[in-house]
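What follows is a group of structures, each given as structure tokens.
First chain A sits with chain B, and in the next complex the same chain sits with chain C.
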Partner chain A sequence: MSAALFSTAWQMARLEMQTFLSWRLNLGLQVLGMLARVYFVSAVWTAVYAGRAEVDGVPLETLIAYLTLANIHVWVIYPQTLDVLPPRIRSGAIALDLARPIGLLPQLVARSVGGIAGLTAIVIGLLPIAFLVGSLRWPASAEAGALYLVSVVLAYAITLAIGIVLGLIAFWTLETNGIGLLYYFVNLFFAGALVPLWAMPDWVQKIAELLPFQTQAYLPISIYFGRLAGTEALRALGIQAVWLALMWSLAVLVWRRAIHRVVVQGG
Partner chain B sequence: MTASPIIRVRDLVKEFRTPRRAPGVSGALRTLFTREQNVVRAVDGISFDIAQGELVGYLGRNGAGKSTTIKMLTGILVPTSGEVVVSGRVPWRARERNALDIGVVFGQRSYLWWDLPLIDSFELIRRMYRMDAATYRRELDRVVELLELDELLGTPVRQLSLGQRMRGDLAAAIVYRPRVLYLDEPTVGVDVLAKERIRAFIAETNRSEGTTVVLTTHDLRDVERLCRRLILIERGTVLFDGRIDELRSRYAVGRQMVVDVVEGQGALDLPGVDEVRREGSRVWLTVYPDLEEIVRRIFVEHTGSRA
Partner chain C sequence: MTLASVAWALFLANVRATLQYRLNVVIWFVVGIAFQLTSFFFLWALLARFRAVGGWTLEEIAFLYGIRLVGHGLTVFVFGGFQIVEWNVREGYFDRYLTWPVPPVLTVLTWWRPSSAGDLFGGLVLLAAAIRIAPVDLSPIGALYLVLAIAGAALVEAAFRFAFAALSFRFLRTSGLMFFVDTVFNTFGNLPLRIFGLGAEAALTFAIPVAFIAYFPASVLLGRTSELAVPPAIAYGAPLAGAVLFGLAYLLWRHELPRYQSSGS
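Moving on, here comes the complex of A and B:
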């Protein structure tokens, strides 16, 4: 059973990745947009620093490296299910997904993993440019690098669950464009991709710490640059683990309710 | 009918609730803030049994509740009330287990991966339905040959014509040899030759594999060619359930015809024609109107009596 599930999911992920990589123009534009964002965010912060070497004890170089990586994070780690599921619910194609010997949630996970694998392959190819344009740097230490990898996997799993929860809402509302946009803006800000959390006013920082978005860019990247090390890094991983458990439980709960809501559009 | 049918349906009901929408922009705005709902009974107390190996036509006008019934049989929709049992399981409760045993084609939709070559979708199906390599090879060769898909396997699905795509979807629903096959309008929008190929394939699968087939269609020639039994539904209820020849003799008046055949000619096996008597080379026949005409009259009569 689980072997079949794994083998199916593997193939699904491959097909999703193949599909993703088959759209060259889309890919090219995404990459351009991404590089532009990294470039402009760096330019803005360079101007803010106005020639000073550091503000609040943070050197400009560190800040720009942080923002470069943070923007790569919010680009790659996004709730892909929001692109996949609502259109299938709207068009009624969901009927065919539900008539399969594999549950809907594993199907969604497999598709997302495939998409992320495609994106990750692109990002790895682009890393040299990110080092040049955004002056990305190496992790603080080998240990930081290893913990960062763990943290990235957690960040992705959390975002995947959030995407599934948000995507399933389409069973009630039929569309999720508004939700997607809201997510995009809230996330961009609270993940710390425009302004790092440490540079935010205290009360905004407090809010950010209560939200799941910091697990996606801020925490893993802080580990990467060694701002969070030792027990603090482990604590960050703990926070991620808690969010992971919460979001997956929520996804399963929402799915159980959604089953009874299934209405197939278009006859 | 055998003692234990493979599909058993009793008093099946499905209601849909939709928000009540007023027309126009102001109506749309009002809809945003009201909670009024319309309740529509798409399926309203349907019962039938289908035996293993049967090939049944499930007919009705647009909106009669055909697709909704199929979706409850496949476990996609949860019934509002009533009972559905397929191979001893309640489809929506055991959705994934049930799915292993069934094949589904919805003519209006495709399960094939739109941007990728056809063969990639089959490879996914192989894994999903746990086929070993040898069985997969053999079955794939069989369906590819019967449906003439050989030259299309490397083509991205989005470049296939509707008829080609439909054959692809049919192959994907059958390659893992399901016990029950649900075909919801498998010939819609397909040209005459492709239709004939699809019909021949369905007949062959039913005959050689013993696959139970439930077929919905608006093309009565599909039914005439394939089915012995017909279930007619209208407004969510069963109007007629029985053999096609019963339908003919009950609802249509046949013309009597006497013909002389060549000596030694066997029984005439034509749709809509019953051989009544034979003396030497002289044969007495009853000739019925074609099925489409009979079904049309039933619908008109039924709708008329309600109006």
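Moving on, here comes the complex of A and C:
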């Protein structure tokens, strides 16, 4: 990408970040909803432990820290493009996007990265509250922390592709609200934000391991807490890399077909 | 034309309009079920291994969950229109509601969305299954109480939607509050409240009356009133809470409706 194009992408990312931060009330309510879920999941698991020191070799404290972080994950790492794209396709504003000097996919990536930059700033400010409502702790080791960061970047890159695939569906259906909501709930469960994969009934766990959602919370956070370490951690990163390649191939494939479906409203 | 036939005609027109987008209807139907059942899968995954949460078995929780879900399904099926009042008021479209020969509130209620059918369907299946496997009191009086409790559950939720719709004449934006209360109902309404601690239980009884929706009625029908933090009489009276709250919401609506200002043009 030439310097001028890169600066266009940079401007789009900045604009998106500002737009994002301007929706304060909406954001505040989202945060409240997320914290309520952390409180809820923690309370339920505390009741389930019923005073036992540990279950599956995991002390309650660790589990609650896991769940707190997992719920932050599924809230932050969300395929935002899914909500951004369909209204533009419906209104015909997509024509404007297509006329820009950089391709649609790089634009969508720039927008999403800007959005997540705004959100990350908020999340860091939010961590002390999350700690009080649920629990948090430092990574198991410096190595675990470093691998976790790699894993989070992979998780986000996968989400970008998922957002693009689901958002592009609007070229056919014009509306994806239902699909977005459905994604959110399926992801919540199979990413392991309510029940970690190790605590799921066996056959559910087998299904979860075949799906991409584990890359969103379960794998990175297991690395963070040292539950997956050494070669196991590398294997987890490998699984993420495979999903990354698959999802981006799918995104590009769907995009190539979608471009032929552009219908711009009006004259 | 009578009042009822006008309202019925409006309702059918809304259903016909919605059914124009068939794929969307199917997707929303599935979303309605998925939305409500995600946290049930969560509980099921837990209880498949741990057998009980706060002393309640999976069967008993399924029963509580079923009451809340059918109540919620009825709320969105019958009273779903309350949630679009805010938007109509802000955009000035509420003018139309004032021109039809039926009270505005009836016109509001004729609006309908397919996900509500999914909610209701999921709830009925769960409740029917739970009644078979949980030790529910199904004497004629128990069954009557169950029906009243479900009506009460629907009215508690509907009362909040009604009140926020009424307040939108004054504040124009109430969807944030609506979203928050809805989240509280959806999150905490499906479980025995005692597991959240006394403070949260008090807040969920008196500040946002979640307890009256399913926790109290389920405790009564499962013979668990002795473990409640409130006197059993309050639990037995739970179905009344919905009627009272809905009545209050209606008074609020009557009071706020004259404040509607068309957005001009």
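Following the convention adopted for this analysis, the second predicted complex is superposed on the first by the 264 of 267 C-alpha atoms of A that agree within 3 Å, B and C clash if a C-alpha of one lies under 4 Å from a C-alpha of the other, contacts with A are read in each partner's own complex, and residues count from 1 in each chain.
One rule holds in what follows: a contact is a pair of C-beta atoms (placed from the backbone, for glycine too) under 8 Å apart; a residue touches a chain by one contact, two chains touch by 3 or more.
None of these values were measured; they are calculated from a predicted model.
By the touch criterion defined above, A:A4 lies against chain B but remains apart from chain C after alignment on the C-alpha atoms of chain A. Touch criterion not met for A:S141: it reaches neither chain B nor chain C. Using the contact criterion defined above for the overlaid structures, shared-chain residue A:Q18 touches chain B, although it does not reach chain C. When the two complexes are overlaid on their common chain A, residue A:V204 makes contact with chain C while staying clear of chain B.
By the document's definition of touching, of the two partners only chain B reaches A:L96; chain C does not.
Touch criterion met: A:I259 reaches chain B, while chain C stays clear of it. In the superposed model, A:A43 makes contact with chain C only, not with chain B.
Common to the chain B-facing and chain C-facing surfaces of chain A is no residue whatsoever.
Interface residues of chain A, counted against chain B in their complex, comprise 4, 7-8, 10-12, 15, 18-19, 22-23, 91-93, 95-96, 98-103, 259-260, 262-264, 266-267. By the touch rule above, chain B contacts chain A in their complex via residues 16, 62-63, 67, 71, 74-78, 92, 95-97, 99-100, 102, 104, 106, 108-111, 113-116, 120-121, 123-124, 127-130. Those residues of chain C that touch chain A in the shared complex are 21, 23-24, 27-28, 30-31, 34-35, 38-39, 41-43, 45-46, 48-50, 52-54, 115, 176, 179-180, 183-184, 187-188, 191, 195-197, 200.
If you check the complex, the residues on chain A that touch chain C are 25-26, 29, 32-33, 36-37, 40, 43-48, 50, 173, 175, 178-179, 181-182, 185-186, 188-189, 194-195, 199-201, 204.
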